[in-house]
Amino acid sequence: MAVGIIGYGTYIPRYRIRVEEIAKVWGMDAENYKRGLMLRQKSVPAPDQDVITMSVEAARKALRRAGIDGSEIGSVYIGSESHPYAVKPSGTVVAEALGATPEVHCADFEFACKAGTEAMFVGYSEVKAGTVRYALAIGADTSQGAPGDALEFSAAAGAAAYLFGAEGVAVEVLQAYSFMTDTPDFWRREHQHYPRHGGRFTGAPAYFRHATGAALRILEMTGKRPEDFRYVVFHQPNGKFPVTVAERLGFTREQYETGLLAPTLGNTYSGASPMGLAAILDEAGVGDLILMVSFGSGAGSDAFVLRTTERLLEIRDKAKRTRDQLDKNQRYIDYATYAKFRGKIRKR
Amino acid sequence: MRDVAVIGVGMIKWGERWESSLRDLFVEAALAALDDCGLDRVDALYVGSMSPGLFTGQEHIGALFADYLGLAHLPATRVESACASGGLAFRQAFLEVSSGLSEIVLAAGVEKMTDVDGAEATYVLSTAADQEYESFHGITFPGLYALIARDYMHRYGLTREQLAAVAIKNHAHGSHNPFAQFPRKIDLETVLNSPMVADPLRLMDCSPITDGAAAVVLCPLERARELGKKKPVKVLGSGQASDTMALHHREDFCYFRSTAEAAKRAFEMAKIERERVDFLEVHDCFTIAEICVLESLGFFERGKAGSAAQEGITALDGKLPVNPSGGLKSKGHPVGATGVAQIVELVHQLRGEAGERQVKGAKVGLAQNMGGTGASSVVHILEGC
Amino acid sequence: MFSAKIWRESPQRYRLEAAKCLGCGKVFFPPRLVCLGCRGREFEKRFLPWRGRVLTFTVIHTAPTPFVDMAPYCIAIVEVEEGVRLTCQLVDVDLEAVEIGMEVELEFRRIQSNQSDGVLCYGYKAVPGGGE
């Protein structure tokens, strides 16, 4: 019995800030960041948006595509590093809003940027094990980088939601795999507002080691080679890392560009590779193979080998596409407005 | 039911009364009303106040006021119906005298609004809207009336200038009222250049935040000359009605059904036609409100009162003077006191003692007092004797 | 704000749960115990659509305490289906571009959140619809 994605949806806030606008305030060279990190702008959540609101919107699209009712959902998992509450699950609000309560299993996940694929991994596994009929897995973040830190150019907001089931499968999961070590490249202690990171230590021993390790192993497990895939999507903390890792592994621009959102979206952390996957599903044909590899600091990568079915073509147009949300109706703001929206201005 | 008269009225200077507390304001107005009729005791007290608790932290004001008026054992009742609290306190007093239960009853209204800051006052006032389905979303009272104004402009072609004409007219009237908070004339430019509060309503479309109180003394009409010192004024009719709490539940946002119903009941009791009414005191909490109220009261057809102020119809020397006191706009709007102050103005006018703002030959006056966006309305018709 | 007060309204705020009178078919949002139309007391649950049309609107410049940081913001009365209306904010919009009759969609948003120690209040807000 094939188990896989039966519905998916994303949400991207409408506000954007350009790299130039941030660089100007901190006396940095915008061109350097645009070239070096391949970032032009990032999404910014409105003051009334957070992981919960974006998750609800993304999940509603997933439900609409799947054509099932919220009450049929058996589990709700939300992966994020910016859950609005320190104590109290995001998932309860989301489940309540979707009408999934009270017969539902729910948990909030945290694993830096891979909390979203972690939720997907568990949701998929539950359906496969027969524990629940439908599982909802969401990756969402409204991440913050410290003002003036390189992270500020990329830390963005967005959400992707995936419904897993065994009937009406639009995207089969052929293999799921996780690769993890203890690598302190990025962290945030309780009561700290902004995360700290290890600078260049976040590169080779963290992102590249884990993304590469996960990709190579899942290729080996499935007996596939890079050229077997129509699409590939990696975690995208910026525009550069995912391109570097893809090309090192032998993937081409045609394979990675569809799912590469970071240059105009920024890094949506837990939402990043799941949103890239959604952009691919908006375009993919029937029977296409897709490789997805996330990365979360701390550190680890989840990898999925996926194959689309005819069902994808039936559900795709039932909700707004990811690229449409990314490219249309953007509302550009200046740094002062951004600072106000993100609570960076101290009022008392 | 026996006929009832107003024999004493008390009005005090309204405005930012920094030195006066809630109780001070009440006692000052109550003593003025008692002095006006030469009495020093009453049988019962009704006091209208919207939110002394949120504005000052003080509830249980019936007993407090009776105590500080030096009449500690008086039956004293607080009446609340948002901005119609004062009108309703008067109605309760009227019913108590009319029923024969009491002989002399004091009706007062009071609000002390400046003990909180502007944003907090805006919040307190917004509690008179549907807390869970209007206020929760950040709507304010200027905002609710702006929703009405936008709809009215869209449907009937009301202009910004016509709205402003209501404020200009009421300030012109209020310039002759020594008790008014802003007793001065304003011009069109002042209104149109005033800060936006809730688009399309600007600051000069809005009644101000005011500390104030007003009080009146009622007794049976047959004892009015014996108990009072001045010409009694008879309560011809009293009507009260309600409507849906939330503005969005109304079929017509620009028509106050509660006001229409309350007027119908008041006119039925008074047994007179609208033509007999010489002037009106209406609830112009915002410029748009006066326009919609005049239509809801039945003095204008729907969509036709928009130009009344601009054309001078509702001016002091017009065909139907409206708000000779200056209205809420110029006189001020200490919410709970407003309905009682309207009665005070009716009595001043009907006694012929309104000075420069006197409506010539005024025999019958009507007061309309409204809570929320018209979820409650009280209408009274008074006649000079 | 006390959490029970927020929690109680969540069926309406989270899911737009309304009640349809079994007697006369009138739809109420929020649900009522007695029908305004026929005084019936039997209702069935129904969910309102997350889209509608602006009937009237304003832009709040002077805001009440919990909303001060958001001003200026737009508030509209939105008709979500024949005769069923609600009041909510209209966000992610150019304030000058709002007009009567404009199509909107409702989105799940935080409504009040400026109390740093309080429970977060979620619900519906309108955003421009149609064109997106």
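Observations
Letters are used for the chains, namely A, B and C, taken in the order the chains are written, and counting of residues starts over at 1 for each.
Quick note on the criterion: contacts are C-beta pairs under 8 Å (C-beta built on N, C-alpha and C of every residue); 3 or more make two chains touch, one makes a residue touch a chain.
Every value quoted in this text rests on a predicted model; they were computed, and no experiment measured them.
Nearest to the common centre of all protein CA atoms is the CA centroid of chain C. Compared on C-beta pairs in contact, B-C and A-C come out with B-C as the pair having more.
Note on chain placement: the centre of chain A and the centre of chain B lie 58 Å apart, centres being C-alpha means. Per-chain CA centroids place chain B at a distance of 31 Å from chain C.
Look at where the CA atoms of chain A average out and do the same for chain C: the two points lie 30 Å apart. Residue positions 70, 111, 125 of chain C are each in touch with at least two other chains. The set of chain B residues touching two or more other chains is empty.
In chain A, no residue touches at least two other chains. Of all the residues in chain C, the ones that touch chain B in their complex are 9, 12, 30, 36, 55-68, 70, 72-73, 75-77, 85-89, 100, 111-112, 121, 123, 125. Only residues 118-120, 122-123, 126, 132-140, 142-143, 146-148, 150-151, 154, 195-201, 244, 246-249, 253 of chain B touch chain C when the two sit together in their complex. For chain C in complex with chain A, the touching residues are 10, 14-15, 50, 69-70, 91-92, 107-111, 113, 120, 122, 125, 127-128, 131-132.
Interface of chain A with chain C (complex): residues 14-15, 46-50, 52-53, 56-57, 60, 84-85, 93, 96-97, 99, 320, 324-325, 328-329, 331, 340, 347.
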